[in-house]
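Below are two complexes that have chain A in common, paired first with chain B and then with chain C.
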Partner chain A sequence: MSALDHLTVLLRGVPMTLAVTAGALALGAVLGLPVMLLATRSPWRPVRGAVRLVVDLVRGVPPIVWIFILYYGLAEHVVRLEPLTASILGLGLISSAHLAEVYRSGILSVDAGQWAAARALGLGEARLFVDVIAPQALRIAVPPAATFALNLLKDSAIASVLGVTDVAYQANHEAQTSFDTLTLYLLAGVLYIVLGLPMAVLSRRVDRRLSAGLAR
Partner chain B sequence: MGTLPDSAVGSASSPGAESAPGRQHAVTLRSIVKRIGGTEILRGVDLDVEPGTVVSIIGPSGAGKSTLLRCVNLLETPTSGTIHVEGRLVFSGTAAMSRGALTALRRRVGMVFQSFNLFPHLTVLRNVSLAQMRVLGRTRSEADERSMDLLRRVGMEHKHASYPAQCSGGEQQRVAIARALSLDPSVMLFDEPTSALDAELGLEVLNVMRQLAADGMTMIVVTHALHFAGDVSDRIVVMDHGRIIESGDPQAVLTEPSQERTRRFLRAVLEG
Partner chain C sequence: MSLGFLTDWAHQLPILLDGLRTSLALTVVSLLVGLPLSLAFALAVLSRRTAVRLPALAVVEFGRGVPALVMLQLVYFGLPQVKLSLESFAAAAVGLGYVSGAYMSEIVRAGLRAVPAGQFEAARASGLNLIDEYRYVVLPQALRIALPPLLGFAIVLFQATSLAFAVAVPELLSKAYAVGSATFGYLEVLSLAGIVYAAVVVPSAIGVRALERRLSRLST
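Now for the complex of A and B:
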C-alpha cells in the first residue's frame, strides 16, 4: 500500500475529527459564558466560590477520564450515550471550564476606567457589560481561545478510544492490517497539523479585524 | 432602558431637617467621610457649589481630591455624609439607592477623566451617541445628530468617523467632554483633565472648558493647572489629607493663601 492509499483512509476520519472538535468547542463557548458570569459577577460570594471550585475540578480531571465517566460510567446507571455524544459532552464540559477562564482574563484586562466611564454615563451593569466591556474583552480573548481550539483539535483524538471513527481511529485501525505503522501514524500527525492551519490563520485574521482602531 | 423623570433623584428618602440644603446649590456635600480599609481618604468634607459657577479643587496628590469628585456621582460610595445634587438628596449614608435614582443622578452629572476613557472599539461619533441611545432612548439618528452638534462645540466634528486611537490625547479629551455633555447634564466633573497631556494639547482642552464655563455650566474641576484655576474659577478649594484646608477667591488663594500648607504646595507647583 502506498502512502497515498494510507492518506485516503485517514481522510475518511476528518469529518468525525471536525465534528468532535466543533461540537465540543461550540458547547464550551456557550456554556463557558454563564460559568464565567457566575464565577465573577454573582452577587453571592458562595456561588462565586462554588463555581470556581467546580471549574478547577473539571479542569483537574484528564479528558479521557471524563469521557470514560460519561460513556461507561453513565451507561451503567443513568443513560447510554453514543460514543460521539459522550466525546462531545466530555470535551465540551472541559472546554467550558477553560473558556470561562479565557473570558474571565479577557474581562479583567479591560481597563477599570472603562467601567467608570460607562457608569458615569448612566449605563446599567448589564448594559455596560454588553456595550463596553464584552467587545473589548472578546478581542483580548481571541488569541488564547484560538490556542485552546487548536489544543482541542488534538485532544479530540481521544474520542477514538470509544470507537468514534476520527483520524486517530482510522490510523489505528489501518495500522492493524498493514505493516506500515510508522508511515501511518506520521501521516496522521501531519494531517492534524494541516487541519489546524485554517484555524490558526482564521484566528489571526479575526484578531487583526477586531483590533482595528483598538490600540491606544 | 427608558427615560426617567428627574424627580427620581432623591426619591429614596427625604433630606434631614438639620442639613437644610439650599435649593440654590447645584451640589452640596456635608461631612463626607470615605474610609478604605483602615485609611481615611476623606475626613469630613463640606462643599457647596452654586449653579453656573466653577469650583477648582487643588492640593497635593493623595489629598483625596479625585475621591471627593467621584463621590458626587457616586462612582465612590462615601462611608458617611450626605450629598445633594440640585437640591435633591442622592446619598444619606443609610438608604440604598435604587437603580433608577442612580441613573437619574448620572444623567444630571457629567464626568471627564484624566485618562479620557473613551471606548476604544467605538468611533468618536458612537462614543458620544451610546449613552443617548441606551439611557435616553434616542434613536441612532437622533443621537448622532445631537452628537455632531456636541462634537462641533469641541471642534472635533471632522473626526467623527475616527477611532479614539487615531486621535491625539487632546482630541480624545475633547471628545470625552462632548460625551460627558451628551446627556445634557447640569453639573460637570473634571478629574485632572489635562494631567495626561503636554502643555499644548492641554491648552486646547482648557479652551473648551473655558468656553463651557462661559456658557454657564456648573463645573467642579480637580486640576494642577493653576493658571486655568485662577482665571476661570469662581472659587478655589485647597485639600490636604482628606480635608478642605482653605477655600476662597481664586486670586486670594493663589497669591496670599492663609495656610502655610497651601503656601508650601503652591511653591512646590510653581517651582516644579
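Now for the complex of A and C:
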C-alpha cells in the first residue's frame, strides 16, 4: 500500500477528531463561564475557595483517567455512555476548568479604571460586566483560548482508546494489518499538525492584531 | 450509600502505589531524555545557519504538534518497521522524552533570550571560549529563569505518563484498569487512581507557583 492509500484511510478519521474537539470545546466554553463567575465573583468566600479547589482537582487528574471514569466507571451502575459521548464529556469537563482560568486571567487584565469608570457612569453590575468588561476580557482571552483549543485537538486522540473512529484510531487499526507502521504513524502525526494549523495561525494573527489595537 | 468502598480502597491502594512508582520513574527518565534534547533543540533553533535551524525547527514542531498518545504509538508500534523494537517502558521514555524535549526547548529558548546581550559580550571579552561562555555565564542564568516553567512542565509530563497505558507500561492507570476488569469495580478503583494523580499534581502545582512568586520577588 502506498502512502497515498494510507492517507485516504487516515482522512476518514478527520470528522471524528474534529467532532470530539469541537464538542469538548463548546461544552468547556459554556461551562467555563459559570465556573469562572463562581470562582471569582461569588459573594461567599467559602464558595469561591471550594470552586477553585474543584477546578484544581479537575485539572489535576489526567484526561484519559477522566474519560475512563466516565466510560468504564459509570457504565456499571449509573449510565452506559457511548465512547463519543464519554470522550466529549470528559474533555469538556477539563476544558471548562481550563477555560475558566483563561476567562479569569482575561478579566483580571482589564484595567481597574474600567470598572471604576463604568460604576461612575451608574451602570448596574450586569450591564457593567456584559457591556464594558466582557468585550475587553474576551479580546485578551482569545489567543490563550486558541492555544488551548490546539492542545485539545491533540488530547482528542485519547478518544481512540475507547474506539472512537478518529485519526489516531484509523492509524492503529490500519497498523494492525500493515507492514509500514512507521509511515502510518508519521502520516497521522503530520495530519494532526495540519489540522491544528488554522488554529495556530489564527491564534498568532489575532494575537498580533489585538496587541496592535491595544498599543498606546 | 455504604462505606464499603473504603475497605476496597484499602486493598487497592498498595497496587496503585506500585503503579505510581512506575509513573514517577517514567516521568524522571523522560525528563532525563528530554532535558539534554531540549538544550540541543534550543541552541539549534537559535543557530544562524539555515541548514541547522530549519531541520531543528521541523523536529521541534513535529514533537510539539503530534499528540503524545500518537507519539508513543509511533515509537512502540511504528519503529519496529525500521528494525527498532523497544520494550514498553523504553518506548514510552523515548516517546515522552522527545515530546518533552520539543516542549522544553521553547522554555529553554525563552530563558536564553532573557539573558542580557551584555552577558554574552562580557563572557567573550573575558576570553572564554564558546563552551565556557555557555557553561559558566549563559546557561546558569538562562536555566534559572527557565526553572519554574520547566517544573510546571514536569507536572504536565507526569500526567501524560497515563498515556503509556496504551503501550502496556504497568503504570498507575494500567494497574487501576487491571483491578477494575478483575473486580468489575471500575468506578471505585478509577476514582481512587484519579485521587492519587491529583494528590501528586495539586500540591506540586502549588509548590511551583510558590517558587515562581519567590523567584520573581528575588529578581526585582
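In this section, the second predicted complex is superposed on the first by the 201 of 216 C-alpha atoms of A that agree within 3 Å, B and C clash if a C-alpha of one lies under 4 Å from a C-alpha of the other, contacts with A are read in each partner's own complex, and residues count from 1 in each chain.
Rule of thumb we're sticking to: a residue touches a chain if its C-beta (ideal position, glycine included) is under 8 Å from a C-beta of that chain, and two chains touch if they have at least 3 such contacts.
All values reported here derive from a predicted model rather than from experimental measurement.
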Practice task
Tell me which partner A:Tyr72 touches in the superposition: chain B (first), chain C (second), both or neither.
Solution key: second
Practice task
Please indicate which partner A:Phe129 is in contact with in the superposed arrangement: first for chain B, second for chain C, both, or neither.
Solution key: neither
Practice task
Mind working out whether A:Gly189 is in touch with chain B, chain C, both or neither, as first, second, both or neither?
Solution key: second
Problem - Partner contacting more residues of chain A (chain B vs chain C) - result: C
Fill in the blank from the handout: chain C partner, complex, touching residues on chain A are 56-57, 59-62, 64-66, 68-69, 72-78, 154-158, 160-161, 168, 171-172, 175, 179-186, 188-190, 192-193, 196
Exercise for the section: Under the touch definition given earlier, write down the residues of chain C that touch chain A in their complex. Expected result: 61-62, 65-71, 73-74, 77-82, 159-160, 162-163, 165-166, 173, 177, 180, 184-187, 190-191, 193-194, 197-198, 201-202, 205
Handout entry: Footprint of chain B on chain A - complex, ascending
Key = 111, 113-114, 116-124, 127, 131-132, 135-136, 139, 212-216
Practice task
Note which residues of chain B are touching chain A in the complex, please.
Solution key: 1, 70, 73, 75, 99, 102-103, 106-107, 109-111, 113, 115, 117-121, 123, 130-131, 134-135, 162-166, 176, 179-180, 182-183
